[in-house]
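All chains are identified by letter, namely A, B, C and D, in their written order; residue positions are counted from 1 within each chain.
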Amino acid sequence: MSVLAPAGVLRGRAPALRLLRRYGVYLALGVLFLAAVLLDAGFLSAGNVRIQLFQVAPTLLVALGMALVIGTEGIDLSVGAVIALAAAVIPLYIGWGLPVALLVAVALGALGGLAGGAMVAFARVQPIVATLALMIGLRGLASLVNGASAKPVTDRALLTLGSDAFLGVPLTAWLAAACVALTAVLVHRTTFGRQLVAVGDNRRAARLAGLPVRRVLLTVYLLSGVLAALAGAVIVGHGAEADPANQGRNIELDAITAVVVGGTPLAGGSVRVLGTVAGALFMQLTAAVLTQHDVPASLTKIVEAVVICAAVYASQERGTR
Amino acid sequence: MTPTAPAPTATAPALGAETAAERLAARIQRHGALTVLALLVLLASVFSPGFASTDNLGAILGNNAFVWLLALGLTFVILTGGIDLSVGSMYALGGVLAAWAAERYGTWAALLLPLAVGAGWGCVHGLLIARARTAPFIVTLAGLLGARGLLQLITDEGADTHLVPRGSAFRALGEGTWTPVLISAALFGLGALLLTRTRFGATTTAIGGNEHAATLMGLPVARTKALVYVLSATLACAAGALGGARLGSGVTTVGVGYELTAIAAVVIGGTLLTGGSGSVGGTVAGVLLLSVVHNLIDRSASQYGSAVTDTVNGGFLAAVVLAQALLNRGRRDE
Amino acid sequence: TNQGDGGPSGHSAAAPDNTAAAQQVVAPSASAAGPGCTADAYGAPKLDLTDGRTVVGFSQSESTSNPFRAAETASIEAEAKKLGVKLIERNANADVNAQNAQIQDLIAQGAQVLIVAPENSDGLGPALAAAKAKKIPVLTIDRSVGGAACSDFVAFIGSDFHGQAEIAADDLAAATGGQAHVAVLQGTPGNNVSADRTKGFTDRLAAKYPNMRVVAAQTANFDQTEGQKVMEQLLQAHPDINAVYAENDGMALGAIQAMRSAGKTPGKDIKIVSIDGIRQAVQGVVDGQLVADIETNPRFGPLAFQSLKDFYGTAGVQPKVIIKDGHFGADNAKQALDQGLVY
Amino acid sequence: MAQAERPDGPAGAPAPTEPAAAESAVALAAAAPVLAARGIGKSFAGVHALRDVDLTLRPGRVHALVGENGAGKSTLIKVLTGVHRLDTGRIELAGREREFRTPLEAQRAGVSTVYQEVNLVPMMSVARNLHLGREPRRRGLLDLRRMHREAAALLLRYGVDTDVTRPLRELGLGAQQMVALARAVQVEARVVVMDEPTSSLEPREVDTLFSVVRDLTAHGTAVVYVSHRMDELYALCDDVTVLRDGRAVHTGELAPLARRDLVGLMLGRTLLAARERAARQVPDPGARPALRARGLSVRHRVHGVGFDLHRGEVLGLGGLLGSGRSETAKAVVGALGADAGTVEVDGRRLARRSPAAAVRAGVVLLPEDRKAEGIVPGLSVRENIVLAALPRLSRAGMVSRARQDAVVETFMARLRIKAASPDQKVADLSGGNQQKVLLARWLCLAPKVLLLDEPTRGIDVGARAEVRALIDELAADGLGVLLISSDPEELTAGADRVLVLKDGAPVDELTGDRVTPDDLLAALAHETRPGAGDEKTDDEKNGARR
């Protein structure tokens, strides 16, 4: 892929349009929210806002990791399977207390991420196939670990994490917010963040500049695995059941959509953390409005398709991949 | 050019050192999927009784031949550095449209309607990607949703199933083992010709290799990019229609996840996801390899349940791509 | 997906319950209406189902991570073991094309008779044709296929999905006094089972319960997590919902979770009826969270092999054999659980 | 095919006799302009790249376009050829007003371009690259055999003797440049634009290029020629337009303009008198070298190259295109997997072979292909400069903005990097300034050994003098410098010793009095005598200079 945007984009654009592009997601999010409230004033109620935050938290956690991976010109399809893995082990270790169960889940998530990262960094397998193999294999493994069937979860601490709120905001949303802040610092303020972006933008140059390219790639997939495992814990806690066969299915596509709607280019070389948050919220609101107004499944899909295209078009800076 | 121009010397001096063994090794590397496939078929024929039977091979070929066409279209898309996630949905849509049209208007409509809808839909993808410069991943992800939505809309949320009439000539297109295989083989052959022996094919590869350069060289970049998506969607819809002819109905739930299998097949076939390098022949090897692997895992691991099958499946896929990446290692610089 | 999941049934719980109650036939639909289908009529060679050399092929449609599928597979396996026949199996993981290929592969591996759990009612044409060409009888279980019985396939054994939905409507009406705002959690679109369960329910309401209004009908793909998400949204938009019909137990369990977090008491504020009969949901009936749970009986093993025996014997099989589904209400749920009748 | 219809076109006979060319040039001097651009203006996000520029091209004449890095030469060319759209002004082609919206339109109208960075498709075969978009066809399908035959024959005339079915990326940058050139000249063009075509060529190829240009003008084609090499300009060009800060400050015939004045016009100041090279003390051969390489081998490319590089020494690496100089440098820093060989820094052997390890040890490489291997295009100038030094400029992994800004300011000033601000994207800088950014990236690390692969590629006269002075200065400060350059003048002027490579193996070393351009050329020529494979090289030469 060429590093320079082709001719059409090199041409000057009105600054106003540029600004719109840069902040398009936020605008789209605002418009959608307004529309939702106009359609039904109940949308503003505290209960409703809380529900939306509950539902968006796991997707957002996964999307944060995905944004980092995408920043290195990669993609991680295995996040859903990592969630399944977390769902498989949490019931096994929850007897030891929530921290232990969380630690085991996160450690396994890290291992899963490392496996993908190693394939990408060392063997130079293309990320989409490396993580596709993991996606299939890890989900199978998850079912092997603790049986394929769903297990009810009764641990108080986990249920509290999954469904309680602090200051009216769900604990899971606080957790997601903390991860957002950490990710933002990581990307914008640390050496690692710079290296990540450089690796995504021009890998050969980054290597010749002496950057630890492999370590960056490994770390990024590892972080994605860790965040996915956290998301798994959140999903299990909120649903009060652990279902390795089904939990986390298709979440990778939701996360990728959120990241890209948020303005991070799939070609790598740039990560927009806040944009990702806006993207995830945007997709969540779309789904909420459609479900709450009882739109049939067929139309829901079509509307979502159109909305995704429009939002990405509005927020894209350049259109590679 | 003077017609008497001397024939070029075979290689640059520096390369004269390459030995025959190295050339063979390079050849095996270049056709990694084919090599693995050949080995696997050989081993399976020896160790898995009944694998090499005509019935089993016929089952592998006949039932998958149309699905493989998705990988053919994707090869072109991926060569430009793009991606098409909508092929699975388009496959299902093609089947439903064909059955619906066959029920009502007969064979020709059953063939033409899916082609027309596929081309139109692909055109929308192409314009959004090539003209509006929206990321292919997202456009076709929306396509995946949209096509599924449309197909549910025309089947009353999936409640209606349209059947291809029993006597319809349309059914003949999908019957048996050899009709599907021949149709697919012919299309793959045409695809190979299109890729290697036309300007369209050359432009496709050039765009993936260096889009900026392709633009500066004055190649019709936007048009070719758009056409590639038209080709992919049309092929997927046609494959779905033919699949519908084979199944005898427009199955609404079919095709879920086919895009990922097709992408895996293309990549295993040696086409770079970043574009610019790949071949139709590689894709053929890729789809065959995946089908054979699935067949073998089915035969040997089915009785242990889905979890084991999935784990083995993922492990095998990882092993294959790893083996390939390692084989390819020597070829890449850095 | 025929059933969702949830339910602690796994492999251990799927130990087939081959009790008489479990395999009782409700309606060999043409009860005495005519002679059943036999091997002679079908044109199949005779086969001894107790001979260890007999090879039976079983094609499962969906992943056994689904408790219904796990129980169904285990039941078939157990019965085959009991009879001493050789069983070879395949799992199509919800892909019609794969199932076609796998059935043909089963034939290639020497299966002499096939038991098929079809992924879809339509779309197994190529496999059925291949079997027919080799004169291999095909018995379909849990979902029917298109075509003619005793010609394209031997017979169909399974539940009456339409009927299940009607019972669910009756139960819900009884629990709400025929006055309700109902939310319907639908199964996967395009799946015959969810289509039947939707149609059966709405038809029944239209016919018998004019005061029960469906305020929202959304798909949750037979999935518990999705069921919870959809229910959470619906409760926000329609606080007046007081009844829920879930087309499988998984979605019902998700809905219960959603009601709890919305501060409503399932069973009191909102009445729920669901279909499938997995352990966790039946426990919910015992606990008063669900009004009733209609079973979808997965224990096809004994009935399937008995039908095949009839097929090779003189009795013959009727084209449509409806398996008896349990009906767990407040009165019998506890007993059923205690007796281990629940999968 | 163009060349088939025009059997004696430039491709067919790249080297006509000189008098014919001169004659036609005189005859055409007064002819009507083939392309006239008036009042061209172009700005990017507030930066005025071009303001009110006029350019007139006449058939059969070579028009030099000169100016400092970032003066707007490439931008002007891109505006003329449809890559950028112009903000103001108009373009007339053969008296008719035209505006090209795409490079394709420009090409169709007869304006053919070789862009500054090689713009070909690296993974496609050489032949395909040469013919892309106008492949010969037979019965609707591409005629591959003819394509390969024609490509091989055509390239042979440009001194590139290679298997045209190999992927282009396997060729050295210089050879790629020749392919790009052959491709551009192949079409029947009224105007051929060349943006620094010789920046990665060495003398033999430059001669080939000159003969191509002369042949073009003999056939009445107008040529725009951009170069920072004064000798070339005076040898080849008839007219000149000098750009400074986006304005045309002078237009006229080149010959009457003295070199000094030309440079003065470009820089807006007079260039410092050529610096006397500081007499460096000859390093003690017994001392421990800063860098010692032994027996470096890369399959098919480099065979047993070894050298010692002392502190304060500039070692030149000479050779023809494809002689393996770049590969040697890459093998030293571990960017290429070496099959054999060791590298020692200050007597300590580098165990792990990777660029990161080399950087830690103080050995850094400025790569020749800055676009593919140097810049990180999406990042700003600031971020590109501090990229490698980040770990040293940060505390506990957190980037310190202040320390970073201090470094960036220092080096932007010291190297005179011309950018709107440190926040400007590097991709938007002119080629020369990008090169300076890369130099800054390494200098702020204070390395022990600097490997420079074509460091002045695409750098303007002023900056070139600065870079040369800088190399001297660095060496004087005790750095060991390995200098690779295709310009014999530059190589011998800058280096204390020159190691000559051929086909990946060392064949000669020039020391002391022998470090002169003539000796270097002689060393290269000498080595082409014996051996079987070398006859081919002779043929190439004859082919090129026939």
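One rule holds for everything that comes next: a residue touches a chain if its C-beta (ideal position, glycine included) is under 8 Å from a C-beta of that chain, and two chains touch if they have at least 3 such contacts.
Only a predicted model underlies this, so the values are computations on that prediction, with no experimental measurement involved.
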Leader among chain pairs (count of C-beta contacts): A-B
Chain centre separation in whole Å, for subunit D relative to subunit B (CA means): 41
Whole-Å gap between the CA centroids of subunit A and subunit C: 36
Whole-Å separation of chain centres (CA-atom averages), subunit C against subunit D: 72
Subunit C residues counted as touching two or more neighbouring chains: 11, 63-65, 70, 189
Per-residue overlap in subunit D, given as positions that touch at least 2 other chains: 83, 102-103, 335
For subunit A, residues that touch 2 or more chains besides their own: 3-4, 7, 143, 148, 204, 207, 297-298
Pairs of chains found to touch, sorted by chain label: A-B, A-C, A-D, B-C, B-D
Subunit B residues touching subunit A - in the complex, by the definition given at the top: 81-83, 128-129, 132-139, 141-143, 145-146, 148-153, 157, 208, 210-213, 215-216, 221, 260, 263-264, 267-268, 272-275, 305-315, 317-318, 321-322, 324-326, 329, 332, 334
Sites on subunit B touched by subunit D in the complex: 1-2, 5-18, 193, 196-199, 202-203, 205-206, 209-210, 212-220, 272, 276-277, 333-334
Subunit A partner contacts - residues on subunit D that touch it in the complex: 43-45, 82-85, 87, 102-103, 333, 335, 354-356, 358-360, 364-365, 367, 371-379, 383, 387-388, 390-391, 394, 397-399, 427, 441
Touching residues (chain side subunit C, partner subunit A) in the complex: 4-11, 13, 63-67, 70, 186, 189, 215-219, 223-225, 228-230, 232-234, 236-237, 250, 253-254, 257, 260-262, 280
Contact set on subunit B toward subunit C in their complex: 50, 53, 55-56, 58-60, 62-64, 67, 152, 155, 157-159, 161, 163, 174-175, 243, 246-249, 251-254, 256, 294-295, 298-299, 302-303, 305-307, 309-310
